[in-house]
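Before anything else, here is the set of structures, which you'll find just below.
First chain A sits with chain B, and in the next complex the same chain sits with chain C.
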Partner chain A sequence: MTELSRIWRETEYRYNLIGYKCKNCNRTYFPPRDICPYCHRESIGKMEKFKLSGNGEITSYSIVHESSSAFKRQVPYVMALIKLNEGPVITAQIVDCDPDNVEIGKKVHMAFRKIREDGTNGIIEYGYKFKLA
Partner chain B sequence: MLSNNVYIIGAGETKYGELWDKSLRNLAVEAGLKAIENAGIYSKDIDAIYGANGLAGTINEQENIGALIADFSGLSNEGIPSIRVEASTASGGAALREAYLSIKSGEYNVVVVGGVEKMTDIHGSDIIEKMSSILDREWEAFYGATPAAMAAIIARKYMHDFNVEKEALAMVPVNDHLNASKNLNAQYHNKLTLKQAMDAIPVAEPLNLMDCSPVSDGAAAVVLASEEYMKRNKKEGIKIIGSAIAQDYLSVGSRDSIYTLKSTKLAAEKAFRRANVKRDDISFVELHDSFSIYALLELEDLGFVEKGKAKELVYDEIKTGGRIPVNPSGGLKAKGDPYGAVGVGQVVEAYLQLNEKAGERQIKNAKYALLHNMAGTGTSSVIHILEGY
Partner chain C sequence: MSGIVSYGSYIPVYRIKPEEIARIWGDEPEKMRDNLFIFSKSVPSPDEDVATISVEAARNALSRCDINPQDIGAIYVGSESHPYAVKPTGTIVAASIGMPLQYFAADYEFACKAGTAGMQNVKAMVDSNYIKYGIAIGADTSQGAPGDALEYTASAGGTAVIIGKEKVIVEINHTLSVSTDTPDFWRREGEPYPKHGERFTGEPGYFKHIIAAGKAMMEKMDTKPSDYDYAVFHQPNGKFPMRAAKMLGFTEEQYKTGLLTPYIGNTYSGSTMTGLSAILDEAKPGDKILAVSFGSGAGSDAFDMTVTDEMKKYKRDRAPTIKKMIEKIMYIDYGTYSKFRKIIITGDSVE
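The block that comes next holds the complex of A and B.
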């Protein structure tokens, strides 16, 4: 069973799509990271929270038929890499559409959804998914 | 003065597959004893053990694998050092490299490298959950990504950008199954037609069941020795002439190009430079093709063909007798994919091939082997180049 703290500590980023911006080189990152891989020690203390717009386009995707336990009730679902307008590429599901309408290059925007169930008596976890724009 | 070359003087492995009657420790000990016997060494000769394992903590709820292996191999009384090396699905290659470095450094003369994984005690979506821990758990797997889904996302983009048909990917399992049909230790011995490979049930589209390696149990072990040991015992052996490892971002999305395996590219450049051989010198390769798409990317990023052009190799050139024979063992799809054992199992295959003892699947005049062991979606790649004598 997952402790609440494990979920709680990422909630801000998962609910609001908050990433980080390196004030040394202006690159934006998602998920959050404490060090910029381009600026290394120059970025220490210069990584700032940055709210992403939630708009982007599909880099590529897969229709998943065999999932892990927490997603059994969702198959088949569309798993995608989405390039956000601000630069970062995010791994997320695309929902509320016929998988046949999903295509590389299509515009998407973020939606707030239930992500997974941690067993039958466990916690329901929420966060971002994406919808066709 | 002696050089500090490192040799492989013995090898052994279990059968790969769903081995219901064998436990994690049974497998590790069986492979280890076979390798030690094959090398003709005794427990008093062993300076250290490096044991590779990927997921025993999550699958078998057993950590402390170094002690487990040494204890049940009967080596606890002597206090021989035994540690586990973990680099996800590249644990085997990483353990080999650590053992190689320990001999290169002059510290040890004889080191046993083992790799083991016991995966089939858990089934279906539960094992997929455990296997997905090789991804970024919080930012990939948390949202429903699986290893197959990430490979499929890479495959779709690759096929889209380079105009590659799904058929080119399907040639990889066809070749693996043909080769595995001649390997008694392989998980599968059935040949696969192109149609069967194309028509299998979808796992993560565009990849189907035949594009994905199976869930496997298995173990492999090899014995490494120093130049000094070889001279003292008047032995000959397979020489490790190149060894390299490199890393990439944990998440696929963080990489500049999702179909470039940067860790493979970097490790290959280093290993070839060190070995001082050319791509054309390589007699065969063992590739980490946990998913068919990776075989194509690996052939490109290892430098055998330009990016986007692996389709020119997969129909004929990867066969035994082709320009660059791939996976004479049967590869991850058909020999099997017991995570921590894979990289060591590749050495077992190379050991047989370079000693001309691979039987029906022998590559003619095999002189140089390239072994490519990869973690996760390409997060680490370990490459070894071996020379026969």
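The block that comes next holds the complex of A and C.
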């Protein structure tokens, strides 16, 4: 069974791409973290929520042909490393595209999609994916 | 006066042509295309549903204005394909656009007019100063049983409108509804596909209510068809709204901008509102608009609206227009459509 508490806890940043910014060095992080790995104790109490723009570019990607059962209907699909404009690099699916049109360096922006469903009677998990800009 | 402060739509990129559906079921392609006046319909991808469509539409509406989501005090999402039978779509949308803790919310269902019913409710709450802004959404990933005539038109899409009293781009001068108990179309609890009551679909259902609401509105506002620059009606197929428009005395020039079903299919609760969205993409100050939705079961909501000078400053280009959503598409075959819409019976290897 899907962890309800985890889904609920991550809702804010998965829905809205909310990360954290270290007010000591101005670096941004996603997913959120309590301590800046550069500033260490200097960042305590200085990590603030920061809404990322949802814009970035593809730095690497794979076309998935062998998926878990939850993603079978979407095969073949693209998983990519995306460098957001604010700095963090995240892993996300690129949707609504012909995989042959995906290239490193292409601009992308965030989309709101179903991530997975816990069967036909369980919770539906939503969050960010990306589209070619 | 209260009215629309911002609007935004979302239509999935995937399309299937009636010829492709006819190829599978042995229907005559030209007959289905021409009788329904439909060239393609939108199809949601497997990771899209009414919640995701509503969120995208709401975000597009918010991106066109400078409203703080914390000032939005109500959200009503109208649909007949909410992802959950019990658990609101509205709260998912509210969380995804940053609404505050204190807001009114409910999911509506009145077949294809649940979205415009939400608009009426939000307008009433704004007018009575319960809220500063409210958001009403009409969206669907509508169901048409494989092989049924509805399969040619049942599509996906939605539109969100934010209603308030400040920086109003479209004044809602008046709204009214007509309703009767009519067995034209229904879906029982737990059933995957709706049924239609054959001969009740046309005259006793669609036309009776659209015409009654349209006429009642023009009588109330003391207007005639030629007073309006645009008219938009619910669009279960491409032909019904054209016939309703002509019955009420409107010309093709007035209804063609809002007539989207030939390109995207019937988006059910999103239908009239998305047609309105296409009109607002090009409307200019002073333009008058008549919008009449229809929901089976049955009823119609009518709106008499006027575009204000505020439209000149409104940032329409901050979100994609309907025209762009109609142009940027990917066609799929019936096999892919079946996979996307979960028509194929699968074993343990899928989900």
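The rule is simple: the second predicted complex is superposed on the first by the 129 of 133 C-alpha atoms of A that agree within 3 Å, B and C clash if a C-alpha of one lies under 4 Å from a C-alpha of the other, contacts with A are read in each partner's own complex, and residues count from 1 in each chain.
In the analysis below, contacts are C-beta pairs under 8 Å (C-beta built on N, C-alpha and C of every residue); 3 or more make two chains touch, one makes a residue touch a chain.
Bear in mind that the values here come from a model prediction, so they are computed numbers and not experimental data.
> Consider chain A as the common anchor and indicate whether chain B and chain C clash or fit when overlaid.
These partners fit in the superposed model.
> Mind checking the angle chain B, chain A, chain C on Cα centres after superposing, to the nearest 10 degrees?
If I round to tens, I get 140 degrees.
> With the two structures laid over each other on chain A, which partner does A:Gln74 touch: chain B (first), chain C (second), both, or neither?
both
> Comparing chain C with chain B, which touches more residues belonging to chain A?
Of chain B and chain C, more residues of chain A lie in contact with B.
> Between chain B (first) and chain C (second), which, if any, makes contact with A:Asn85: first, second, both or neither?
In the superposition, A:Asn85 contacts neither chain B nor chain C.
> Quick check on the superposed pair: does A:Thr11 touch chain B, chain C, both, or neither? Answer first, second, both or neither.
Touch status of A:Thr11: second partner only.
> Name the contact category of A:Ile124: first (chain B only), second (chain C only), both, or neither.
Second partner only, chain C.
> When the two structures are overlaid on chain A, which partner does A:His65 contact: first (chain B), second (chain C), both, or neither?
After superposition on chain A, A:His65 lies in contact with chain B alone.
> Superposed on chain A, how close does chain B come to chain C by Cα atoms? Whole Å, please.
Nearest C-alpha pair, chain B versus chain C: 7 Å apart.
> Could you pull out which residues of chain A sit against chain B in one structure and against chain C in the other?
Shared contact residues on chain A (touching chain B in one complex, chain C in the other): 69-70, 72, 74, 115, 129.
> Please name which positions on chain A make contact with chain B in the complex.
Within the complex, chain A touches chain B at residues 10, 31, 37, 59-72, 74, 77, 79-81, 88-93, 104, 115-116, 125, 127, 129.
> Which stretch or stretches of chain C touch chain A in the complex?
That would be residues 12-14, 45-49, 51-52, 55-56, 59, 83-84, 92, 95-96, 98, 330, 339-340, 342, 346, 348-351 of chain C.
> In the complex formed with chain C, which residues of chain A make contact?
Those residues of chain A that touch chain C are 11-12, 15-16, 69-70, 72-74, 95-96, 98, 111-115, 117, 119, 124, 126, 129.
> Quick one: which bits of chain B touch chain A in the complex? Just the residue numbers, please.
Per the touch definition, chain B meets chain A at residues 125-126, 128-129, 132, 136, 138-146, 148-150, 152-157, 160, 201-207, 249, 251-254, 258.
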